[in-house]
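What follows is a set of notes on a single structure, which appears directly below.
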Amino acid sequence: MQTYLTADGLTVGYRKKPVLSNISMKISRGSIVTLIGPNGAGKSTILKSVIRELSPLGGSVFLDGTSIENYSDSDFAKKTAVVMTGRPDPELMTCFDVAAAGRHPYTGRFGILSKEDKKKVLEALELVQCGSLAEVQFRNTSDGQKQRILLARAICQEPELLVLDEPTSFLDVRHKLELLEILKKLVQERNVAVLMSLHELDLAERISDYVLCAENGTIGRAGTPSEVFERDYIAKLYGIERGSYLTSLGFPELPKVDGTPKVFVIGGMGSGIPVYHALNRAGIPFAAGVIHENDMEYQTVEALAAEVISEMPFEPVGERAFLRAKELLESCEAVLCPLKLFGTMNERNRELLRIGTGLGKLRQINLDKSDSGDILNYK
Amino acid sequence: MDKIKNHLFRQKRKSAIPCRQPVRWIAAILLLLSMICSGCSAKTEESPSNITSAHNWDDMAPVGSMDLLYADQFSVEDYGDDITLITIGESDRFLLLPENMSAPDGLPDSITVLQKPVKNIYLVATSAMDAFIRLNALDSIALSGTKESGWYLPEAKSAMEEGKIAYAGKYSAPDYEKILNSSCGLAVESTMIYHTPEVKEQLERLGIPVLVERSSYENHPLGRMEWIRLYGVLTGKEEEAEAIFKQNVDSLSDVLDMVPSGKTAAFFYVTNSGSVNVRKNGDYIAKMIALAGGTYVPENGGSDENALSTMNMDFESFYAAAKDADVLIYNSTIDGELTTTGELCAKNQLFADFKAVKEGNVWCTGKNMFQETMGLGDMIRDMNAVFTGDTEGSFTYLHQLK
Amino acid sequence: MVSQTKRIIRVYLMLLVLLAVMSFFSLAVGSVRVSAADLLAVLEGKTENDMIRHILFDIRLPRMLAALILGGALSVSGFLLQTFFSNPIAGPFVLGISSGAKLVVSVFMILFLGQGLIMNSWGMVLAAFLGAMASMGFVLAISKKLPQMSMLVVSGIMIGYICSAATDFIVTFADDSNIVNLHNWSMGSFSGISMDGVKICALVVAAALLSSMLLSKAMGAYQLGEVYARNMGVNIRQFRIELILLSSILSATVTAFAGPVSFVGIAVPHVIKQLFKTAKPIVVIPGCFLGGASFCLFSDLLARTLFSPTELSISSVTAVFGAPVVIVMMIKRAEH
């Protein structure tokens, strides 16, 4: 994969005030590079500088070997297409018209579309699954549809580099996924280079070949998702103080409720997750155990529980863990056991359940708040 | 590397579509051409005759000229054979030829040819109407630039009522078709036409000669009156015109010979916004007051070329200048006639403080005053009567406010 | 897609027919009755009736052509600015052009004429044109400092206010007659334009129209906003200047020859866009020209015949007939 877009010592900003300095990046064709970073870090600024919407304050950007300053307007248009955050509101334009605008660099003096052009427009619309909307007025479509039509427009421009600024912002989860699918297709089938910014870290982690972090006036970590996405780093990058970020799952978690645990949860296999969330919402500090470190709910319970008793992966629950769990269980007011499956590794959790029942502390789990009484069917 | 140097903000980029430039150049050149063309003035109608004429302009010379007593804005020269050359102002020249005579060879384009009898006149200059009435020459007028309701001269009003004279649109937007359809022989315009030069040009393009009368530029009020002699020439009633004029002047001689009464008089009206419109010093009304034996106040600097000139003063300055004036004359043309001093004071309470108001010496003009240009003599006589205190007799144009 | 093309063709045909009808009536109707027989005789060249010939060729024809050309120019000018500002009430005079023209005309009328300097009609045309282009020049100069669109409109309005204030200042020193004259001029009229004037108008307007058509592709891109237009290869800076220049030349020409004529530039583009059901400049620009021409011919016909021989001011007629049409249209559109 040859390097298509390179920036070296690039400084970007508005009106001589730098926002990000000394940026270096390399983007190859057939890859997706995502910019992440907190609000105001300068992600949009970088993108605008790459597409010549803003002039760089220092350094240079090279596209396909030539500095972007040296491209004519029409040559640059044939190489780069954008989907930005601004939402145009043209009157009396159909979705076809909007998409067809992308053919601008290829049509003649009066912008008349050839048969070939029209075919490409329809193909682009099909690709974004808006083929049926061709004759509909652009103004009458939903935000998600508009976003996809604008992507179709960019596709019609047949770019070698596609630049997108938060393209998934207004989309529901289904359309988010679909859009990213389309980007993947473009990258694979047409060898397009994609440079975009995303707020959704979970998506960024999944879709990107490379990730760049905009932090503190420069680019921090830059590399593959596994190199970049690390719990403490993300928390630091975004300045998360209340709450945490669960990297391998790729989503954030609310801050835990501190205090002496009132409830002991016997969980595992993911069954505890709804309970942890419910207790967290109710503001009740809890303890949980014994959860294996490779259990799927481990990261969640570690983030939310006041104390969690864990065991090594693939090991049966050991003495130390069991005794600590028992101690905590006895000190709590109530016990919840969403766990239904006991096997060799967590046999001792069944013992904990028996202890809890024996002490009369076991409660029914009632997650529906609309019933009178609280979520634990307390009192 | 040099590649990686700081690019300045205003780095030039290649233009997207260079071929758009030629069209813009074409547009720019066309604009330039059109602006250059503005120097060209409209061509005037060529002399109508191409038949060899009995006369050659280069051989022609005046054998006499009209002896004007007071007017200096026009002249009439006799070239013999009933051919007359009329000059208005500095440069507008008209050659009046008898019926059936063709224009002389070699006549310059700048001289407009008029053929007797001059008929179906389109009269826009209101001050000329009175002269035509006195000369009994109303039948040479077919079209008027003032509506029937705008005339205070009863003869003009009834002529329009009877359909003998038709309204043809105001000076700035005449009904060309109507004018053309009436076989108009001459348009008599006032200097207002200079603000809408395209109208003059259009009339000339249609073959209608335009005479712009300049009686408002006459310094002497009697000079304004003397224009009846010009209209006499045009209508073939030269002698009657001379007689009427001389008669008017003679009847004034006793007034003109009188010792000035020394009374001061102001001539004004109050505008909508509360300021006072007064005559400038060089104005003919101010001069009429002087001829009538009075002195015009307020004295303000600047006599304009155009003797028909007024200016607006704020009430305070007018008060200072005119509160001790002996006589106040209110100009009713704009506002309407006043009948009592109470009405005057209603316009501004301060009027009650004026000497003339306190002594009951406030007068008002009739609406017809300005249109009856031949009655200037009577107007002077009226004023004189006011100044000399001879208020028992009848007045033509002034009435006293009660 | 086919129905769109069909629609476009149909609307064009309709506009052409309308223009032909309006042109015919403009020539056929006037204060003097001209019968069809007379008309034919004159066209065939065999008539001794000089008067009819004069009426047709020297009075009605120049006026009809002037109303046609200038009406079309106004409407295209309005469309250009409405696209540029994405503002439906932008009109050809939003950049303060008519105020600038009025200012220079008032200077000529009141100061120069007052000193005894006499001008021919070309002088008045030049005065108005200079004033209009000067206003435009100021707005362009300001636009370099203010990149946003909305600021441009504000600066245009401010220039308009400044010019009006200056005009009022000059008027204070004017005679009543001068004030009346200036007022008459600012009402706008197609009367008194010579055939020479019509030729100049035709040349300038044709050149500007052609240039607008060449700009139509960039305009279409611009309808999606500046960012996308730039990305598609439109040189925004050059585009802005060209658009303002073209629109100003068009409206300056109208103001120079006919005075300020209001409303045509605001209303006609809306109607045309609704008829075509598209805002594509390449389709709408010629349509606006035809529509504006017909509308002005119609309005001028009414203005000069309704209360003949008194002429109504053209702006009052265009507003009285135009405004209700636009209101009805807006309501209908909202109902969709």
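Per-chain numbering from 1; labels A, B and C assigned in written order.
Here is the rule we use: a residue touches a chain if its C-beta (ideal position, glycine included) is under 8 Å from a C-beta of that chain, and two chains touch if they have at least 3 such contacts.
Bear in mind the structure is a predicted one, so any value in this text is a computation, not a measurement.
Engineer: Among the chains in this structure, which pair is joined by the largest number of C-beta pairs in contact?
Structural biologist: Looking across every pairing, the one with the most contacts is B-C.
Engineer: Quick one: which chain's Cα centre is the longest way from chain A's?
Structural biologist: Following the centroid criterion, the farthest chain would be B.
Engineer: Any idea how many Å lie between the Cα centroids of chain A and chain C?
Structural biologist: Measuring from centre to centre gives 55 Å for this pair.
Engineer: At what distance in angstrom does the C-alpha mean of chain B lie from that of chain A?
Structural biologist: Taking the average C-alpha coordinate of chain A and of chain B, the gap between them is 85 Å.
Engineer: So what's the Cα centroid distance for chain B and chain C, whole Å?
Structural biologist: 34
Engineer: What are the residues of chain A that contact at least two other chains?
Structural biologist: 73-74, 109
Engineer: Would you pick out the residues of chain B that each touch at least 2 other chains?
Structural biologist: Only 13, 15-16 qualify.
Engineer: Where does chain C touch two or more other chains at once, residue-wise?
Structural biologist: Where chain C meets two or more other chains at a single residue, that happens at 214, 233-235.
Engineer: For chain A, which residues count as touching chain C in their complex?
Structural biologist: 51-53, 73-74, 76-78, 80-82, 84, 86, 88-93, 96-98, 101-102, 104-105, 107, 109-112, 118, 153, 157
Engineer: If we count contacts the way the header does, which residues on chain B are in touch with chain C in the complex?
Structural biologist: Those in contact with chain C are residues 13, 15-16, 20, 23-24, 26-27, 30-31, 34-35, 37-42, 167-170, 172-178, 180-181, 183, 192, 194-199, 201-202, 205-207, 304-305, 309-310, 312.
Engineer: Quick one: in the complex, what on chain C touches chain B?
Structural biologist: Where chain C meets chain B, its residues are 30-32, 51, 54-55, 58-60, 109, 113-114, 116, 118-126, 129, 172, 175-178, 181, 184-185, 189, 191-194, 196, 200, 203-204, 207-208, 210-211, 214-215, 233-235, 238, 242, 245, 249, 308-311.
Engineer: Which of the residues in chain C come into contact with chain A in the complex?
Structural biologist: 1, 86, 213-214, 216-217, 220-221, 223-225, 227-228, 230-235, 273, 277-280, 282
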